[in-house]
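Both complexes shown next keep subunit A, but they swap its partner, so subunit B is in the first and subunit C is in the second.
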Partner chain A sequence: MIGATQGEIAGATNNISWDQRKRKLLPYAYLSPTLLLLAVLTVVPIVTVFLYSFFDNVIVNPNQPKFVGLENYVDALSHRKFRAALGNTLYFAVASVVAHFVIGLAFALLLNSRLLGANVKALFRVVYILPWVFTASIIAILWRLLLNPHGVVNYVLLELGLVPELLEWLSDRDLAIHAVTFINIWSGYPFYLVSFLAGLQGIPDDLYEAGRVDGANTWQLFRFITLPQLKPIIISLALLDFIWTIHQFTLVWMTTGGGSNSEVLSTYTYKAAFSSYEFSEAATLAMVILAICTFFGIFYVRSQRMADE
Partner chain B sequence: MIGTRRQILVRKTLLWFALLIGACFAGLPVLWMVSSSFKSNLEIFAYPPALIDHSFSFDAYLAVLSDPGQLRFFFNSYLVAIMVTICTVITSIMAGYALSRYDFRFKKALSLVIIGVQSVPPITLMIPYFGLIVWLKIYNTYTALVLTYMVFTLSYAIIMMTGYFNTLPRDLDEAVMIDGGGSFVTLWRILVPISLPGIVAVGVYTFMLAWNEFLFALTLTRTNDMRTVPIGIHLLMGQHSFEWNQMLALSVLGSLPVLILFLLFQRYFIAGMSAGSIKG
Partner chain C sequence: MKKYLVGLLVLALMLAGGVTMAQDVVLEFQQWWEPELPEGSFRAILDDFEAANPGIRVETISGPYLTTKDQIIASAATGTMADVVGLDGAWVNVLWKQGALHSLTQAMADADYDDSELAAQIRLAGETYMIPIANFIYPVFVNLDMLEAAGIDPPSTRAEFAAAAEALTDPDNNVYGWAQPLSLEQPNGIQNDTMSWLWATGGSMLDDMGQPNLVDNEALADTMAYIKSLHDAGVVAPGAFAMKENEKVEEFVNERVAMIINTLAHFTLIRERNPDLNFDITALPAAEGYDGPRGLPYASWGIGISANTEHKAEAWKLIDYLTSVEGNSNLTSIANAFPGNVNATPDFIQTDELFMTAFEIFQAGYLANEFTGLPAAEELMRQFDEPFQLYLEGDMELDEFLQIAQEEWEDIFE
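Moving on, here comes the complex of A and B:
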């Protein structure tokens, strides 16, 4: 009888330790598909590209790969074309993020107005979000149609007397990068709009009531209640958007192809790899883009964690 | 702030003025694309331009829809996007559950990695990717596209799912656990059904991303029977004679699925976004 009890107890402890172990391993089991995928399709390529960047003669090359240390970096970074691409990328990204923020917030505030009925809001919300449903290649087609020298934009500007002649928006060396930036602004602000709409709905009405009781005007309500309440969203969004804009490839590729002085880092890298087959140089450039994005990515991850806590 | 009737009228007028300017900025380019897709190719750049002209017809749409090659692009896009959506939803539910309900040793590090994946530039992966995909023997297959797109959809999907699960009270699943239900049962029978709005948001977001992807679809496929709508549009652009109206018709048709999804689920989508990653 006593023996049996001991056996039961031993069985129970066994069960507990088995349960505990299972409980410890379970989260890893749930995460395993994600981790496997990320390991094979993200970590492996990044490590490979990292290694490539220190070698010459990689991939399509009859010669043996040769370790060259930091030579690729020195070559790539000192190139005049690289500096131009870097400058364009920064201009493209900063202008896009600022404009996305301003337009997204303005539209969200308009749609949040108390003076509008629910149906009117719903209708305008759909119109304002429209650019978001189009993929980059369709946005490229759309704006190549509009900005064509014989297109409707030139027609309207000419009729209004705003331009002296028909402009080659996407192939003029002085205009192309601005035109591409404008297209990116048009296509990207709805992401902010949607997030701000969600954020504005989360601000308690009491705050505004209290502000009004204290005699704040509309601007002060916006400055001291709306903006601070949206701040965590704004920071995460701006960082993520900045990183995504630095990545942006398709839109630039399909509008100007990086020509006419509108080369950005991603098109420059793509050309190095798949037009000139200079894979060592391309790998180095890819690492540079990764470094820039990781730098801002760290701030993004931190802003996300703060929001989680 | 109670203004006089006059003040309210002024405010309303200004508001409507701003709303309409915004609507023109967002909507007119789209309207022009749609109207041009009904024109004949000769009239696209006619002077002076007209929204609708005498050449109005559905010819471009008929040309696209009667071309088996173009229809194949649609089939591929649907197949890939639906597969990516199903796989991403299931995987992100499991991962989100682990991150929301369990404490484990590498939790912090792993969630950092998952959030951080969003900042990895596709172009960085691109260079060794081709070799990797060939080595895995999945070059020019749907599998390669589905797995690749999941790299880009999973991160955001997991953040959204974790955020959604975090808003649900823990008592709920703990009660089921005590009643003898395993964690698997708890997840699929209890949490998943009440998380439907979050799951729909993840699904719509994933579908949109997969439907729209371009760079990898271009690089990882070789034959036209494996290619998707964005690549189809790109191929039309590359041809020597620009068939503008067909390109535009294909663009309009290619945007419809995402537009419809968005219109159907926009409420879930906005709610899901606020519950998920980006929250105040």
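Moving on, here comes the complex of A and C:
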């Protein structure tokens, strides 16, 4: 290179920088199909809905929609029905997550127990996981039949003398939200069960043996070995479940339609879009739901990072 | 030689142009009717139209009701709506607001059409945008065996209906006189099973300007109080607030409910589900002392033309055919519906006794569905339904319920 001209040096430098640039760009080229899909399927819709939320009624307005700033947010957040739907959503989500956790863990401990034979465990595994097999619409139809005033549930409760009269589970304002929450609990606990069972089977027996040698009783073994070992799973499941439950639409829509004091944010948003044709209001509500989910999503990502570290 | 070749080329181009000009106009016709009719029967009607109108071909875009609704509303927003569309009165207003529908008043004027044979037209701002071409009325279905066992005749007035419902109710055996579905998921119970009582007595929920008139409306207040009295008397099947239309029909089919307000479209379904069910139909009971014509709630297959179509004249020809005596008779015969043309006569009227009765009820009354063409009609029903449930439960006074519904409706009308 000693005798190289200035032009040759410049050409070599260009080649190097092009190679370097190519090397830098190559990963992005590999990623481009995924990035493109993400952009088309996620980024563009979210940005579009976000923009819609700042205009007066979009889509069905033949004239140019007018920019209204935060007016849609003020209207939506201050509406009595929104606050009721938010309250119901939080109750629905928190009660579901807590119950999913308790039932899922209890059944997982049962299936992990050495007291039961292999055949019995296999049978219960099938029975416990059954709710997971059905789609949300099937579950809704099934429970509508069971909870019908003339359905099996009322019949059994009346026969056992547990209720004085026929209960209108899905149409009574005092019962509907609890009934829908119960249905969601029934349909969702197998996810916890399967995850906890996998987690329990991964806890080394040595830990329990060491605990027993130290004189720990069953509760102490559960409290100081099982729960800490399951902690990463519990946090991940709870956060994911909370986010999914906030989204739950089909079950609520097909059982009560959001009536009898069981309105949740998803049904409220759906009605704004496809019943009132107020797409700006629906976009605003969708952004509120997105904000709630993102808040919990951040906790989920952080918990995953901590688990990785 | 060169001149000849050029001449031939010019001739060929002219011929090609002529062929292009003579090409058929293809009309896209989107509706939900074809899947609900016997296979091939709807196409046969369109084939007849094509035979009578050389140069026009009709391509159908068919799907279930809800899919069709979503697709039509989405295509209206993007300006790609089919040339001719099937319409439901509950969503015609939103399409009109978008400017997606062509004025049929204009189309009729352009074609010098005499509209005197049309049974109904849905007008918005003084112009027609939808023509109902097949109508499914909602009379009262009664279980004759249960009525005979109780020794009563099908009711004709509200008082008779209340007395019959009370006599037929037997809670110990889970049998009730009437079922009223008020699910908020499908709030059409407000239209079919609630407001129908008002229309049967010649009442209205709108004022002369077509605006909500729920407050200080004596006929409406009386109707709501009457329905509450049925609930209070315990003659309405339990679970009304979450009940859907199909569940109401199931209750009737399984003889747990003696009387329901129901569409004629369910005739076949009911007969298939319970061939032994001995039932009849009767007009909706009117208030005591009312002897005027009774409004009959109905659902329609409506039809309209896209504002964006380049073939408005051809599109009108298709509507003209489907509303003609011949075309409308053929369509309503296969749909078991009542005609949109007052002179059309569907086959089934002569062959089925129940349909004969229904046709008599149809001719004695008039089609009444005030929700047709209103803005966000389904949402209006829902907004009425919510305080109505509170009123029925006794948690709200009648005046307060109607005041709240009025305010909600006024918001939507704005």
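Following the convention adopted for this analysis, the second predicted complex is superposed on the first by the 276 of 309 C-alpha atoms of A that agree within 3 Å, B and C clash if a C-alpha of one lies under 4 Å from a C-alpha of the other, contacts with A are read in each partner's own complex, and residues count from 1 in each chain.
Just so we're on the same page, a residue touches a chain if its C-beta (ideal position, glycine included) is under 8 Å from a C-beta of that chain, and two chains touch if they have at least 3 such contacts.
Remember, predicted model here, so these are calculated numbers, not experimental data.
Asker: Looking at the overlay, does A:271 come into contact with subunit B only (first), subunit C only (second), both, or neither?
Answerer: second
Asker: State whether A:173 touches subunit B only (first), subunit C only (second), both chains, or neither.
Answerer: Second partner only, subunit C.
Asker: Tell me which partner A:236 touches in the superposition: subunit B (first), subunit C (second), both or neither.
Answerer: In the superposition, A:236 contacts subunit B only.
Asker: Decide which partner touches more residues of subunit A, taking subunit B and subunit C as the two options.
Answerer: The partner making contact with more of subunit A's residues is B.
Asker: In the overlay, answer first, second, both or neither for which of subunit B and subunit C A:254 touches.
Answerer: Both partners, subunit B and subunit C.
Asker: In the overlaid three-chain picture, which partner chain does A:59 touch, first (subunit B) or second (subunit C), both, or neither?
Answerer: So A:59 meets both subunit B and subunit C here.
Asker: Looking at the overlay, does A:150 come into contact with subunit B only (first), subunit C only (second), both, or neither?
Answerer: A:150 sits against subunit B and subunit C alike.
Asker: After lining up the shared chain so the two structures overlap, which partner does A:227 touch, if you call subunit B first and subunit C second: first, second, both or neither?
Answerer: A:227 sits against neither subunit B nor subunit C.
Asker: Would you mind listing the overlap between the subunit B footprint and the subunit C footprint on subunit A?
Answerer: 59, 148, 150, 254, 274
Asker: In the complex formed with subunit A, which residues of subunit C make contact?
Answerer: Residues 70, 73, 76-77, 94, 97-99, 174, 182-187, 237-243, 247, 256, 376, 378-379, 382, 385-386, 389, 393, 395, 412 of subunit C touch subunit A in their complex.
Asker: Show me the residue ranges of subunit A that touch subunit B in the complex, using the header's touch definition.
Answerer: 23-24, 26-28, 30-31, 33-35, 37-38, 40-42, 44-46, 48-49, 52, 59, 106-107, 110, 113, 115-116, 124-138, 141-143, 145-146, 148, 150-152, 155, 186, 194-195, 197-199, 201-203, 212, 218, 229-230, 232-233, 236-237, 240, 243, 246-247, 249-250, 254, 265-266, 269-270, 273-274, 279, 282-283, 286-287, 289-290, 293-294, 296-297, 300-301, 304-305, 307-308
Asker: Which positions of subunit A touch subunit C when the two form their complex?
Answerer: 59-62, 144, 148-150, 166, 168, 170-173, 176, 253-260, 271, 274-277
Asker: Can you list the subunit B residues touching subunit A in their complex?
Answerer: Per the stated touch rule, the residues are 1, 8, 11-12, 15, 18-19, 22-23, 25-27, 29-30, 32-33, 36, 44-45, 47-49, 91-92, 94-95, 97-99, 102, 104, 107, 110, 112-129, 131-132, 136, 147-148, 150-151, 154, 158-159, 163, 166, 183, 208, 211-215, 219, 229-230, 233-234, 237, 244, 247-248, 251, 254-255, 258-259, 262-263, 266, 269-271, 273-274, 277-280.
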